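The structure appears below as structure tokens.
In this document, chain identifiers A, B, C and D correspond to the written order of the chains, with residue numbering beginning at 1 in each.
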Amino acid sequence: MNSRSGISYFTDEHDLFRQTFRDFLEKEVKPHIDEWEKAGELPRSIYKKFGEMGFFGMTHEEKYGGSAGDMWYNVIFDEELARMNSGGFSASIGAHPMLAMTHLNHEGTEEQKQRYLVPGIKGEKVGCLAITERFGGSDVQAIRTTAVKDGDDYILNGSKTFITNGVLSDFLIIVAKTAPELKAKGISLFIVDRESDGLSATALDKLGWRASDTGEIAMDNVRVPASNLLGHENHGFFYIMQHFVSERLAMANGGVATSAYAMEVTLKYMNEREAFGRKINKFQVLRHHIAQMASEIEMNRQFCYSLYDRYQNGDYLVKEASMAKLVCTQMADRVVTQCLQMFGGYGFMEEYPMARMFRDTRLGQIGGGTSEILCEIISKIMIDKEGYQAPN
Amino acid sequence: MNSRSGISYFTDEHDLFRQTFRDFLEKEVKPHIDEWEKAGELPRSIYKKFGEMGFFGMTHEEKYGGSAGDMWYNVIFDEELARMNSGGFSASIGAHPMLAMTHLNHEGTEEQKQRYLVPGIKGEKVGCLAITERFGGSDVQAIRTTAVKDGDDYILNGSKTFITNGVLSDFLIIVAKTAPELKAKGISLFIVDRESDGLSATALDKLGWRASDTGEIAMDNVRVPASNLLGHENHGFFYIMQHFVSERLAMANGGVATSAYAMEVTLKYMNEREAFGRKINKFQVLRHHIAQMASEIEMNRQFCYSLYDRYQNGDYLVKEASMAKLVCTQMADRVVTQCLQMFGGYGFMEEYPMARMFRDTRLGQIGGGTSEILCEIISKIMIDKEGYQAPN
Amino acid sequence: MNKIFFTEEHELFRQSLRAFLNKEVRPNIEQWEADEEIPRSIYKRFGEMGFMGVTYPEKYGGMGLDTFFSVVYTEEMIKMNSSGFNTSIGAHAGLALAHINGEGSEDQKQNYLTPGLAGKRIGCLAITEPSGGSDVASISTKASRDGDHFIINGSKTFISNGVLSDYIVAAVRTGGPGAKGLSMVIIDRETPGVSATKLKKMGWHASDTGEIAFDNVRIPDSQLLGEENKGFFYIMQHFASERLGMALIAVSQAQLALDLAIDYMAEREVFGRTIDKFQVLRHRIAQLSSEVTSARAFVYLLYKQYSEGDYIIKEAAMAKLVTTQLSDKVCYECMRLFGGYGYMESYPMARLLRDSQLGTIGGGTSEVLCEIISKMIIDTKEYKAVI
Amino acid sequence: MNKIFFTEEHELFRQSLRAFLNKEVRPNIEQWEADEEIPRSIYKRFGEMGFMGVTYPEKYGGMGLDTFFSVVYTEEMIKMNSSGFNTSIGAHAGLALAHINGEGSEDQKQNYLTPGLAGKRIGCLAITEPSGGSDVASISTKASRDGDHFIINGSKTFISNGVLSDYIVAAVRTGGPGAKGLSMVIIDRETPGVSATKLKKMGWHASDTGEIAFDNVRIPDSQLLGEENKGFFYIMQHFASERLGMALIAVSQAQLALDLAIDYMAEREVFGRTIDKFQVLRHRIAQLSSEVTSARAFVYLLYKQYSEGDYIIKEAAMAKLVTTQLSDKVCYECMRLFGGYGYMESYPMARLLRDSQLGTIGGGTSEVLCEIISKMIIDTKEYKAVI
């Protein structure tokens, strides 16, 4: 919970929501995490419960079933998910509202919103966002999936990988080239229903994020009606770039939240565990590790909050959001590794919280733009003075 | 494979053994690793094959079925195991000869050697070494398991944890206090048969090392004949300390071997994977990472080899072996983390080698004395000028 | 970022201060670094221009401006690339005067604060002793009562302006052992028994860093600053703003290093191209810029909290801890990026690195900060404001 | 460790060198650091004692000893805590003379090596140029043939002994562009057209580091060292031993920092106990000692391989890369362990840190080393010995 002294971005309403949501998670989620981790997927029922409680609609308009809250509700949502200590759960639950529905909300037509966003907010339909391909990685411009116009339809061919909810979702927002010769300017987004002919998916076995299904998707002449084009044709790259900022901020703050949770459970353990006749929280070396980590967490948390604040005010933050994801996910790796080490042998045991956190956290520097890609973007802005300006 | 130019610690015979052993592992082990990782244990048949090939007896006397080779055979043994990319396999296969049989060989009576060492070398009987307890961790002096003399027997009570081969081994070398009031000087070692009444064990679920069974062992009035006392009563602490050096050297060099293998597979991947139109091994940032890692690996490898060399010459190396384990396992964490990052999203996928290596490597800084405990030992020697002298 | 914390007025102030510094300070820095002190005249100019007491009350000659003017002030001062210069002004205006403004009587303010803000009477703050390091509670300089006077004996070290200042705000032991026996006193330089010697340092060359000895120094008890035996709490109180100031300095130094490096990279050619095309160097800039940007957001936020009256002892310690580590790292990496020129004193990076490297030591070493932070986090100890 | 690499004779040599250094060098270091040079007399004393040319042939006045004597030599030199001093001797004996001993004609050896080993004629090695940095192949100092003479024009920078040496072993372009157009020449200081200016540096104060200009410098072609247009390969050849030497220096500096820190920790008290009782500082020593011990094992092994004739270009680059990074880290952490005293020039750590921080720059920056190493490892390129 965040201190209310001095500057606070959170109101009493935010805090109330945080408490409600935390109680809900403790009751409806925490007891099932181990089982979902084992299953490698989430049951539909949990999406429905989220939907019933309104947790998918916090920032959406009331006419679609949302409660029109501000962006800090998303921040709280992410922070509280992190306390479940299941990157897979957070990813599966989060990819639906944060990735799929974000695009629907911004670029969808009224008809598309009625068909996908409304049931999405209710938790009755689950979505995913499919950008990445085997060849290309974080290089969005290099995608090879094509969508060729055929009468009133588009025919999609190609494949996607590393797609969270890629196997179990009901609909997929798929990125494809509608004009390959135009490179970045020839990319479009499509809403594809799961039952479409020619669409298949297989789940991947991963180091962590085990409660989420991460899919590889193949499209063999998948026919999509033109009414399922999302936004304007050939504007896809800009839509993606635009939402990258919020995605990166979420991953950055997720890194902070994970780090804070790692420290919380570690402090608790250190206060219980004894060695050489005293509690291990009395050992200077371990204490200084805590002091160092706490300071870095606090710094990065304030960085993220200040960026959310600016984001809400409409600032264009490609550079800063990339910076934040870079440093916060690096910090999370350091903090989680160090905290695991504090648990000694128990750190390696799956019955204690750090083993899973260690496996899950490692994705931070990989997903949503690797650290190396972020460095490329940041150095282009800092050194080559490239603008990465907002599209108009 | 080590360069033969300049200083080499390896002879043609060593190289021949390395090749033979590598071929054997490629054929008999590699194809089964995934299955054993899933099973959480190794089949008995693989121990038997190791035994039949003489791989458990390389350094043992011929009269027990060994081939009386020098210590470099153990070094090669460890290095080649690392190439299987299964910390669990290495641990299970290694704990038997390196931990259990080392004690048998050094402290065992002729009769004990005939009963345990000879079948051990044949791979017919598998052993484990049980020191660590829930309360105490790396603090050997704090163990609570007791062995009370009762006629010609000892009665053992207590528990052990984090014991590799703790569930499936045929015999256990168990550390217990025979004179608790004497602290470190009241510790003894016992050989305990698996079928002993009152002995029970459960397997632990771990972050990595999944192909090995790691057991928690409970002893409820386990009766052990006095003939199963290993070495002299109350000398246990010194036996353990003595073998800690070789164990730490092995873990240090294991860290180097893992790092080298990580770099090998990463270089291969970098030479295949393309991004932005060229092989990723052309990106300067990644190249410099490789250069830095290669340099650190080379440095630490030479450090380990120089220590093995001195160890073979009879030098007393508590400080240096602790130093080596500290820095080499830290390096392995850095290298493996960095190499996983080089794989991008594939680094997170279990079908690629880095995910498992990442999970497995994390034990390096924990097992066999955590980095923090090693720092305690090293600073006592460096700063307080404590001798940690060899017992006479 | 600026829009959140800075107004148009801050920006105007920045411009005018920058113009002043570029004209009257920058051309003299090399000389002052060589002299190992700055001249009295520059204090006077700061006083005349109103730059000495940006946030101090107008009543005493300050400008009465808000905290973010002092942030602007520090950011611009650091661009002169001389911690010694910045400290010479700061040890007077930011340390000595902060105590006098905070705890001084009206008489003391008239005597020291007013001429101080005019740049005519220069002070220093003397807490650290040779034997104690960062252990403030164990200060051993003794002030024994003698009627309405104190007789002071002891010594202080690492004191900025320790040799050249006109007076010394010193922590002395008036009571029993421990934190509760300390008081602050103002000792005029000319008082018999005060002597000082200059210390040679790795960096901060333009500042006069002194070791001060008190040999039966007799001062009237009207020179007591605030209440007797409350010195420890006054010191702690001012530590938060001092540490926050050091954090801001650290972030500003790191930013300066990056700015200098980016400029240099665009000009320097090797292997036939400017070095800003080498991926390894580009990523280094990207990484370090990101860390500095994060650190600055943190420091700005704390200034905001501080300006709203929050007692941010933990956060200030955290900020100093991480930012001074960061500054050392950034200055080191950017120095190396200049190749051999980085090591040459005729280029800016050598001094910047040398100057930065006091950051993790002065004003509480990183280790002392870790002790404070871990007490607050692990032992849930709270440090309270005195008032 | 010593038993593997060092014999009784090495130990005796160590004792006698150490006694000499403690008597004739240590008391003068402060003065030489302030002078920014070392006097001619100390070169002579090195020559008289035989310490100038430990491994050079006896025929020319060297001692003809094995490589590990030079290891002992460096380890003891570094204990003087003045890289400037060490470099002043080393740039002559280890760099300039190495080229003359390696590629010089008998005449050249009589002219330069013999008086050089006697400490009477001092040399420097001039490769780096202002524009090129570590890019040796792009050297632009031009040597144009004029009958049996060369006319040399160009400039060199960062040259140790660049101002005070009697002659300059310089890399010049005698042929076309690229690596294959370079030659080495010996240029006597008094030759018309040679001028030099001293550079101010962050550390290495006792060494004279110069920028040298050649303005129509005319030298006979008998001053060519080795074969024409083979200069690049000679330079590369000597780089391995130079880098190995820098690695040994780095390890020795790091060890010195640790030794000084451990001694200091046993004496310094804060909070009522000596600081060697603080776990955080203890673990820091444990960690850094372990890293230094590993690094030293690596360097010793490479010396062994080098002494047995191995061409260890990759390993020497690796060793310099990791040991100079390590030395910077260790010196920095140990400096901080001294608290405020670490920053004072009257304590040893400030200079040690300043001196260390050239390590990752000089003799090939870390980035250039990474280029070489990655070419060898990733592109499987091999660098071959010339001979």
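As a working rule, a residue touches a chain if its C-beta (ideal position, glycine included) is under 8 Å from a C-beta of that chain, and two chains touch if they have at least 3 such contacts.
The model shown is predicted, which means the values in this text are computed figures rather than measured ones.
With chains reduced to the mean position of their C-alpha atoms, the one farthest from subunit B is C. Between A-C and B-C, more C-beta contact pairs are found at A-C.
Inter-chain centre distance (subunit A to subunit C, centres taken as mean C-alpha positions): 42 Å. Between subunit B and subunit C the centroid-to-centroid distance comes to 53 Å (mean Cα coordinates, whole Å). Shown for subunit A are the residues in touch with two or more other chains, namely 283, 285, 288, 372, 375.
Shown for subunit C are the residues in touch with two or more other chains, namely 278, 280, 283, 367, 370. Against subunit C, in their complex, subunit A makes its touches with residues 5-7, 267, 270-271, 281, 287-288, 290-292, 294-296, 298-300, 302-303, 305-307, 309-310, 320, 322-324, 326-328, 372, 374-379, 382-384. Chain contact summary for the complex, subunit A toward subunit D: residues 283-285, 288.
Contact residues of subunit D toward subunit C in the complex are 128, 131-135, 138, 157-158, 199-204, 269-272, 278, 280-281, 328, 332, 335-336, 339-340, 342-346, 350-351, 353-354, 357-358, 360-362, 365-367, 370. For subunit D in complex with subunit B, the residues that touch the partner chain are 1, 4, 262, 265-266, 276, 282-283, 285-287, 289-291, 293-295, 297-298, 300-302, 304-305, 308, 310, 312, 315, 317-319, 321-322, 367, 369-374, 377-378. Partner subunit B is touched in their complex by these residues of subunit C: 278-280, 283.
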